[in-house]
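You will see two complexes here that share subunit A, one where it goes with subunit B and one where it goes with subunit C.
Coming up: the complex of A and B.
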């Protein structure tokens, strides 16, 4: 469980988050949504200790962020940051292999190799494992990064807008892979999404942020409503329903 | 291993080429030739290889720390800071031992390189060409300070002679500091995996539990020591740290555990080849290795700049 208590945050003089308290239970996919500037990515980076926490308290499985070492946390929580533009020219299999770094710290053993192999197979990267990251498509690259996070073998996986720059096929296949990781491997996935429809379709829970506050929280069918679109997103798009899940008609 | 295959013959060739002609037979029978070998040719060959290897590796590390492929210590302030250290030592403490001068140079290099990282940090990653531009200006500024102080102290000639990297003055007993540079470069191989993780970006590296500050500090220390030792013993040799890591990255990627040794051998081969060429081109006079590497390196640099693969 991720427990966020009374977290406020500002960047420079600009307040970003106001007294946020949420609990994200173990298991399933939790989507953070909200308009631009709502504080989604900030909240995620605070949970992942990439920004330093100033006010409030965050616990991941009882480990207190700010107290626990980076090294220890890396075995519980993996983060896929927003920009996966990497200047390092690595082969796909090398990148996935570095997901094991928190466990072997430079000396991979047979178990590490086995996990990397299974990650490569699972994410369909076998055919491109020897290619460099700058030689494959954006969708394949995102998949390689998720495979790396998978190889890190943590209970918690945080992703910041992983669908950026992906076409619809890439976005759907990535979300399906995440769904599979939640359902079959029992991972707890927290994901910042721009598109409400992807959140409504694939997430178990949605936390909607608005101007640094939690505007709504719950299952997709409970919170993706006309009110949410009007009050939080400031738009009057209509909502339809498909198999019990809401769909925003854009 | 191609680099090794080139380096071996070059090293042997280097022993036979110079103002005094010698043959294999002379080395075996003639005591004068043997002295020449031990006092001049062998040290010179070692010096070229050590400097080349150290510069290539320090370039690779600076490119990771600056998150940009187009910077290298000699032009980005580290080389100039080392020169500043040499100058300060020569003016303020002319009588001190060489190791003290060397320590001063290493220290100023460390400060200069750390300063570079600080001013590069706010630059937007979306504008990759800003980094080499700012680095060049930064290096130019420190270089201007060096020139000004040297001018005031009537040491322009001294600094000019000293700072043009060349190996004609290398003799046994006067190049051994370069072994420290070589050792510092070799030591980076021990943290190669960590440096590669750092190259994934600060956030990704922290996410993998890397101690980013410690590895950054270790990288800075390694590149400062190598750069300072090369400047103190041979002078500035530009472009080696730029073109070698770039060529290696193109060919085999940035997995440093594999790339650092290849970079080191390639850098060694490049500087040794340039030195041999410099001895031959207008024999019995010599062309400084920095001049030759500079001419060739500038061309290769432009080529790399215009042919950088452009992917998202």
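Coming up: the complex of A and C.
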């Protein structure tokens, strides 16, 4: 469980988050949505310790952010940033191999190699394992990063708008991979999404943020309503339903 | 799974390039051994080629120069790789931090104050101490810039270094205008790295400072691999980037300051040439390979270049001047190549 208690945050003089308290239960996919500037990426970066926490308390699996060592936390929590640009010229299998670093600190054993192999096989990267990251498509690169997070073998995975710069095939493929990791491996995935439809289609829970506060939280069909679009997103798009899941008609 | 593999997004980047499977990475360890052999050969040639007169004089005399070259080349090459790793940029060198410019400015000031003869009469130990002290101050300043900055702090550091370097160079130019033209030639002749006049006391002292730092860099090789992946990935893997960058910056400052204080400013492009060559010989991001590969490449370039220049061509031009000229061309080539890629 990720427990956020009384977290406020401001960047410079601008307040971003106001006294947020929220609990993200273990398991499943939780999507953070909200209009631009609502604070969803800020909240995620505080949980990920990419920004340092000033007021409030965040616990991941009972480990308090800021108290527990980075080394220890890296075995519980993996992060995927918005832009996964890596300047180093790496091959796909090398990148996936780095996922084991928190466990072996530079000296991989047979078990680490086995886990990397299974991650490469599981995410269908076998054919491109020797390719350099700058030689493959954006969708393939994101898949390699997810494989790396998988090899890191953490219970929690945080992703900040991973669908940016992906076409529809790449975006759906990535979301399906995450769905699979949540369903089959029991991972807890927290993801910031821009597109409500992806959240409604793939997430188990949605947390909607509005002006630095939690506006709504619950299952997609409870959350994605006309009210939400009007009050939180300030738009009058209509909502249809497909197999019980809401779809925003853009 | 079947659904998954059927849905791969089409590769756009490499249409027409290579086959379905790229070649696996070549064995790098052997290449490092070849580099070590090349260093041994270059050193041997340097020691014996064209020797006239008593071996009892030549071997210690040349041996000391050789040791200074090997030490300086290793320090600057390793410092360059470290700098490129923490900045995530392969066309930067730590000479951007302004140590060279500071050295030349101190030199110009001293010549202005004491005159050329006065400067030459200054004890080398005192000069070394003065240079080291000033460069430590500069290093401290850079460190404060890095720690104070919020995000994007590495680029801020680089820009600060560049601007500070420009400031120092203009100040130096101003001082040089005040210097007597005859004495000015002293400034130009000693503002490039020289290996002929290495002090027999300072050499072991510099080695005592830099060898442990080189060892520390080697100890950090796996952490460096992770830091090179960028801030977010490094943090995700449990290596907080700013702590790592701060430690590495200290290592870089000690290496560059010690090498510069010992022999004077090496060409700004030396590190660039060496890192480009090392990346060509051992194309990997693993510092376990890259650090020794760069250090050895640096030794080959410096010792080999000095042998050719001094023995074969019988020129007295400092090798730094030659490297500066060739390095400029290489730098342009690297920039243009990057643009195309």
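Heads up, the rule we're going with is that the second predicted complex is superposed on the first by the 250 of 250 C-alpha atoms of A that agree within 3 Å, B and C clash if a C-alpha of one lies under 4 Å from a C-alpha of the other, contacts with A are read in each partner's own complex, and residues count from 1 in each chain.
Everything that follows uses one rule, which is that contacts are C-beta pairs under 8 Å (C-beta built on N, C-alpha and C of every residue); 3 or more make two chains touch, one makes a residue touch a chain.
Treat the numbers as computed from the prediction; the structure is a model and nothing was measured.
K.L.:
Mind checking subunit B and subunit C on superposed subunit A, clash or fit?
P.N.:
Clash.
K.L.:
Figure out whether A:101 sits in contact with subunit B (first) or subunit C (second), or with both, or with neither.
P.N.:
Both: A:101 reaches subunit B and subunit C.
K.L.:
Where does A:74 make contact in the superposed view: on subunit B (first), on subunit C (second), on both, or on neither?
P.N.:
In the superposition, A:74 contacts both subunit B and subunit C.
K.L.:
If you count the residues of subunit A that each partner touches, which comes out higher, subunit B or subunit C?
P.N.:
If we count touched residues of subunit A for both partners, the winner is C.
K.L.:
For A:130, decide between first (touching subunit B), second (touching subunit C), both and neither.
P.N.:
Second partner only, subunit C.
K.L.:
Looking at the overlay, what does A:165 touch: subunit B (first), subunit C (second), both, or neither?
P.N.:
Touch partner of A:165: subunit B, not subunit C.
K.L.:
So, does A:90 touch the first partner subunit B, the second partner subunit C, both, or neither?
P.N.:
both
K.L.:
Looking at the overlay, does A:18 come into contact with subunit B only (first), subunit C only (second), both, or neither?
P.N.:
The answer is neither, since A:18 touches no partner chain.
K.L.:
May I ask you to decide whether A:179 touches subunit B, subunit C, both, or neither, giving the answer as first, second, both or neither?
P.N.:
After superposing on A, A:179 lies clear of both subunit B and subunit C.
K.L.:
According to the stated criteria, A:122 is in contact with first (subunit B), second (subunit C), both, or neither; which is it?
P.N.:
The answer is second: A:122 touches subunit C but not subunit B.
K.L.:
Taking the two structures together, which residues of subunit A meet both subunit B and subunit C?
P.N.:
Comparing the two interfaces on subunit A, one with subunit B and one with subunit C, the shared residues are 48-50, 69-75, 78-81, 85-91, 94, 98-99, 101-102, 106, 132, 134-135, 138, 152.
K.L.:
For subunit C, which residues count as touching subunit A in their complex?
P.N.:
Listed in rising order, the residues of subunit C that touch subunit A are 1, 3-5, 7-14, 17, 20-25, 88-90, 221-223, 225-226, 228-233, 235-240, 283, 285, 341.
K.L.:
In their complex, what parts of subunit A are in touch with subunit C?
P.N.:
These residues of subunit A touch subunit C: 48-50, 69-75, 77-81, 84-91, 94, 98-99, 101-102, 105-107, 122-124, 127-128, 130-132, 134-140, 149, 152, 166-167, 169-170, 172-173, 176-177, 180.
K.L.:
In the complex formed with subunit A, which residues of subunit B make contact?
P.N.:
Checking each residue of subunit B against subunit A gives 64, 67-69, 125, 193-194, 196-197, 199-201, 203-204, 206-211, 249-250, 253-255, 309, 311-312.
K.L.:
Within the complex, which stretch of subunit A touches subunit B?
P.N.:
45, 48-50, 69-75, 78-81, 83, 85-91, 94-95, 98-99, 101-102, 106, 132, 134-135, 138, 152, 165
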